[in-house]
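What follows is a set of structures for review.
Presented sequentially are two complexes of chain A, the first with chain B as partner and the second with chain C.
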Partner chain A sequence: MNQERLFARMKKDGLDAIVATMPENVTYSSGFWAMSQWIRRGPQAYVLTPGPGRGEPAVMASTGLIDLVADPSVWVKDVRRYGRFIVDRTPDVALGAHDLRIEQLLAQQEDSDAVSCLVRAIKDRGLDKATIGVDEIGILPQYWDKLAEALPNAKLVRAADVFRFARAIKTPEEVACLRKSAQIADKSIQAALAVAREGATEMDLARAFHGTTINEGGMPVLGCIGFGARSAMTNVQPSEYALKQGDIIRFDVGGRYGHYRADIARNGVLGEPTKKLVQYHRAICVGLDRAIEMIKPGVRACDVFEASVETVRREGIPHYRRSHVGHGIGLDGYDAPDIAPSNTAMFEEGMVICVETPYYEMGFGGLQVEDTLVITKDGVDSFMLSSTKLRVV
Partner chain B sequence: MSQSADRALAVLDLLGAGQELGVREIARELDLAASIVQRMINTLCDRGYVERGPGGQKYRVGYRAFQVGRSYLAHGDLHAVSLPELRTMAERDQINAYLGVLRGASVVYLEALQSKGPIAITSTQGSSASLHSTAFGKVLLAELPDTEIAAILGSEPFQRLTPKTKTTLDEFMEEIREVRRTGYAVSDEENIEGVFAAGAVIRDASGQAVASVSGAVPRHQLHSDGIDNLCHIVVGAAQRISRRLGAAPAAMLRTSRSALQSS
Partner chain C sequence: MNQERLFARMKKDGLDAIVATMPENVTYSSGFWAMSQWIRRGPQAYVLTPGPGRGEPAVMASTGLIDLVADPSVWVKDVRRYGRFIVDRTPDVALGAHDLRIEQLLAQQEDSDAVSCLVRAIKDRGLDKATIGVDEIGILPQYWDKLAEALPNAKLVRAADVFRFARAIKTPEEVACLRKSAQIADKSIQAALAVAREGATEMDLARAFHGTTINEGGMPVLGCIGFGARSAMTNVQPSEYALKQGDIIRFDVGGRYGHYRADIARNGVLGEPTKKLVQYHRAICVGLDRAIEMIKPGVRACDVFEASVETVRREGIPHYRRSHVGHGIGLDGYDAPDIAPSNTAMFEEGMVICVETPYYEMGFGGLQVEDTLVITKDGVDSFMLSSTKLRVV
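Up next is the complex of A and B:
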């Protein structure tokens, strides 16, 4: 967690404390991977982070997630649980460190529900009259109301943006995870292209892709792999469509590594590409080059957007249009900043971003190159293992 | 094979084509990760082999690549290799020094350095001289089969340049046999009246005669010791130049034995 940046923004916004509620922010501010919250909608897990000098952070977890919240990767010491969950133990057997921590947490008082648990943590820190930022994305509306009712003297303000702001600048540990994540995706594309031949299906490539991701230590998430005219479908999901001569192969893919996302794109073609394909692919590559060459601290996102789109137009797709040419990436697939025409914010050192110049044309196909990189003090450091070259298979 | 050396050289090859290129263009061209290319470019820049173009974003070949490339001439360029030897002849030994190559039925001056001595014999770079009357022409002809020599020299009598010029094939071939034996040739007022010259061939790595060097002085300054000394200097210069061109000692043997005989 980038605590310095989080606290700076909390101070600016007048927040005495902040509560994480969405899965990414819970993991971000505690190390707690609240599985049920990640894979379902509705389960509540919170992390209370008081500002400097206002007390220690606390995690509020369902008893059902007791083993995950007892995991050594959770750095917040004050863990509170709510709800009933029965776990028996064999008597007179020595437990390992992880189990001992579970036993210790089970021995603590349990609260009836997530909000009561959070309210008690807030009151313990004397924050019941404070201004508290609450990440509005993960908390159910009825729980927000209940929280406001239980803290009549506190001021609750929406604060998902505060987390988004803090998350935009990565710590060195986060950069390492994101680099690995991107590189796993890159290797997985190469593995998928290795099985591409006439008659191979999109699913064949998807299996090779995701299999490699798992073998390399990642977890599959995004796997848009489309052939031929199907590649023009933005979110193409692998089907039994079989590859034939001249087909484009578009990848827009990336899993997770250490909970951190990957999102990269590359293209291949079976057999000799047409003149149009070569020209269009080159244009999006040069547009991407232009964007990446420009990016460094102090440069505005909107200026990079304009230059990139303009370059693609000039280099071979005269009608090229886009709503953005990239975005940040972290625990969330779309962290700040957006590289969009409306974003006048400047790039900063430590941001990890995906830069992309996709092009979709129904009846022809989709082409997309997307690289992930970290912004350094005077430029960028790319995570990619492969070039953006069109792979002829 | 060293992969990084191979990749760095591929980058230089690409930039050597003359166009300025960005890191990502190079990466795509060589199908390498941009980060790998960036690190290579950084190293090549630090060492001066690559430099940023005027825009600052693209790269081109750097001054060190030029310097290193230029040094190739020291191996392969006859002229550059010969020049220091010719200078020594002209400046230290006070001999007019010439470098010639066989072109058609003439010997062409690649270099002509006037001696620092009181009398200079002028010839111009690029001009040509007769093969049958000059020392550096004779040594080049001596490398060829007799029939080819006859064909090159053409019909008799050969052009008379001075009273001493040999104008018949028999006369000339007799001298050629002597040149083949000794490894050097002389022109005793046969090309220009009052000028004595000695010549020897320059061989390349394959042992082929690629050029010849000659030294000329005013005849009246010479006595018999002077002739031997001139021949010794010329043969020595030809051997050193040959060695820098990669000629094996075996290829120079004939010249070297004759040098011993002459001294």
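Up next is the complex of A and C:
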């Protein structure tokens, strides 16, 4: 967690404390991977982070997740639990550290729900008259109401944006996870291209892609893989369509590694590409290069957007238009900043971003190159293993 | 979608229309798989379903998902789109049906956000003074506020529970997906057990498990696989721990197929099991059998709970306690009903449920058998391919 940046923004926004409620923010501010919340909608897990000098952070977790909240990777040590869940224990057998921690947490008070835990944690810190930012994305509205009712003298403010702001600058540990995640996706594309031949289906490539992600220690998430005219569909989902001569192969893909997302894009073609395909692909690559070459701390996102789109137009797609040419990435697939025409914010060292110049043309196909990189003191450090080159298979 | 059941419950609750906002409910009520909403938190996609005689349903989708909302599998044909997204088109080339539909939708009005689309759809149907149920789980609070402001004469009611009620009885198409999803998980367990040998790690089995899920056309979601004492951790995440003689191997696993979840559990052991392990495993199997044997339309969930727990106690784990012995499954991993002591509701034909009798003992290990089945006219039809037997490897 980028505590310094979170605290700075909390101070600016006048927040005495902040509560994470969506899975990305819960994991971000505690190390707690609240599984049920990640794979379903509705389960509640929160992290209370008081501002400097206002007390220690606290996690509120369902007892059913007790083993995950007891994990050594969870750095927040004040854990409140709610709900009944039974775990037995062999008498007279020594337990390992993880089990001892579970036992310790099970011995603590059991609350009825996540908000009851949170209210207790807030009151214990004397924050019941404070201004508290609450990430509004993960908390169910009835729990927000319950929280407001239990803390009549506190001021509750929607604060998902504060987390989004803090998350934009990655810690070295986050950069390492994101690098690995991007590289797993890159290797998985190469594995999928290795099975591309006439008659191979989009599903065949998807199986090779996701299978490699699994083998490399990742978990599949995004797998848009489309051939021929189907590649023009932005979110193309792999089908039984079989590859034929001249077909484009477009990948827009990426899983998770250590909870961190990947999102990269590459293209191939079966057999010799047409002149138009070569020209268009070259144009988006040069446009991507132009963006990457400009990116460094102090440069405005909108200026990179303009230069990149202008380059693609000049280099071969005169009618090229885009709503953005990239975005941050982290625990969420779309972190700040957006590289969009309206975003006058400047890049900063430590941002990890996906830079992309996709082009979708119905009747022709889709082409997309997307790299992931971290912004350094004076430029960028790319995570990519492969070049953006159109891969002829 | 079980329209009959949804309409019956809407009538009971006095709802003139209902709005789906969480991914499970959006897909459920339209066939629209709103990808960004499934893989992230925050992106907004809605489906408006008016009650009988109150108008046709409508989907509100980001233009960035235009290809997915134009998919032939989406049965709601009134689509409203919001946000800018550029898709080009080759002139003078005939397009396929899917692309023509995309072109048609792109030619429609572009709204600024999902709520603007929704308000328009509601007004078009003369529902602006109606009582409208809104699934409160997927809509961001600022959008709820905006909706309320735009419809000052409408009454907005939280209605996620109405969808949960409707989703509990599956259509034949849903049963087919859930059967396939459970069977993929079952085959994946067998593939993982096939690599279980002394020195194999939990991660080795996880790779075999998820790899098989991928090969069978599924997507990985849940993969709790733990060996030895680690298997006592409810949500054990695969590690580099290596299997040794006498270790329990516990699986609590399941991916998605056709967007439908799986959740099943089985156990193995390396080498000869101890007497305690045999006795405990047998007890949970008999407890599971007892539950399954009782389940049919008209039987109360709480009665099955009591009988199942009582059976496990009598058959070999005298101190056995549980908070539930199963739950429904569908697009969501936990659909209604819960097989819990407080649930006096009766089983109904067409429910698909996971029945489970897990046991977690720190210092010893965890054992869990979980089957998925559909409730028929007079009993159940199990989806399982494998028996619950403790698998000695």
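Here, the second predicted complex is superposed on the first by the 393 of 393 C-alpha atoms of A that agree within 3 Å, B and C clash if a C-alpha of one lies under 4 Å from a C-alpha of the other, contacts with A are read in each partner's own complex, and residues count from 1 in each chain.
Going forward, a residue touches a chain if its C-beta (ideal position, glycine included) is under 8 Å from a C-beta of that chain, and two chains touch if they have at least 3 such contacts.
Because the structure is predicted, anything quoted here is derived from the model rather than measured.
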item	value
A:Glu24 touches, of chain B and chain C: first, second, both or neither?	second
Of chain C and chain B, partner touching more chain A residues	C
Which of chain B and chain C A:Leu385 touches, first, second, both or neither	first
Partner chain in contact with A:Glu293 - chain B first, chain C second, else both or neither	first
Touched partner set for A:Gly14, first chain B, second chain C, both or neither	neither
Partner chain in contact with A:Asn235 - chain B first, chain C second, else both or neither	second
A:Gly126 touches, of chain B and chain C: first, second, both or neither?	neither
First (chain B), second (chain C), both or neither touched by A:Met35	second
Chain A-touching residues of chain B, taken from the complex the two chains share	22, 24-25, 27-28, 30-35, 38, 57
Interfacial residue positions of chain A with respect to chain B in the complex	285-286, 288-289, 292-293, 371, 381-389
Contacting residues of chain C [partner chain A, same complex]	22-24, 33, 35, 39-42, 64-68, 83-90, 93-96, 98-99, 102-103, 136-138, 140-142, 144, 158, 160, 203, 206-207, 210-211, 214-215, 217, 219-222, 229, 232-237, 319, 321-323, 332-334, 359-364
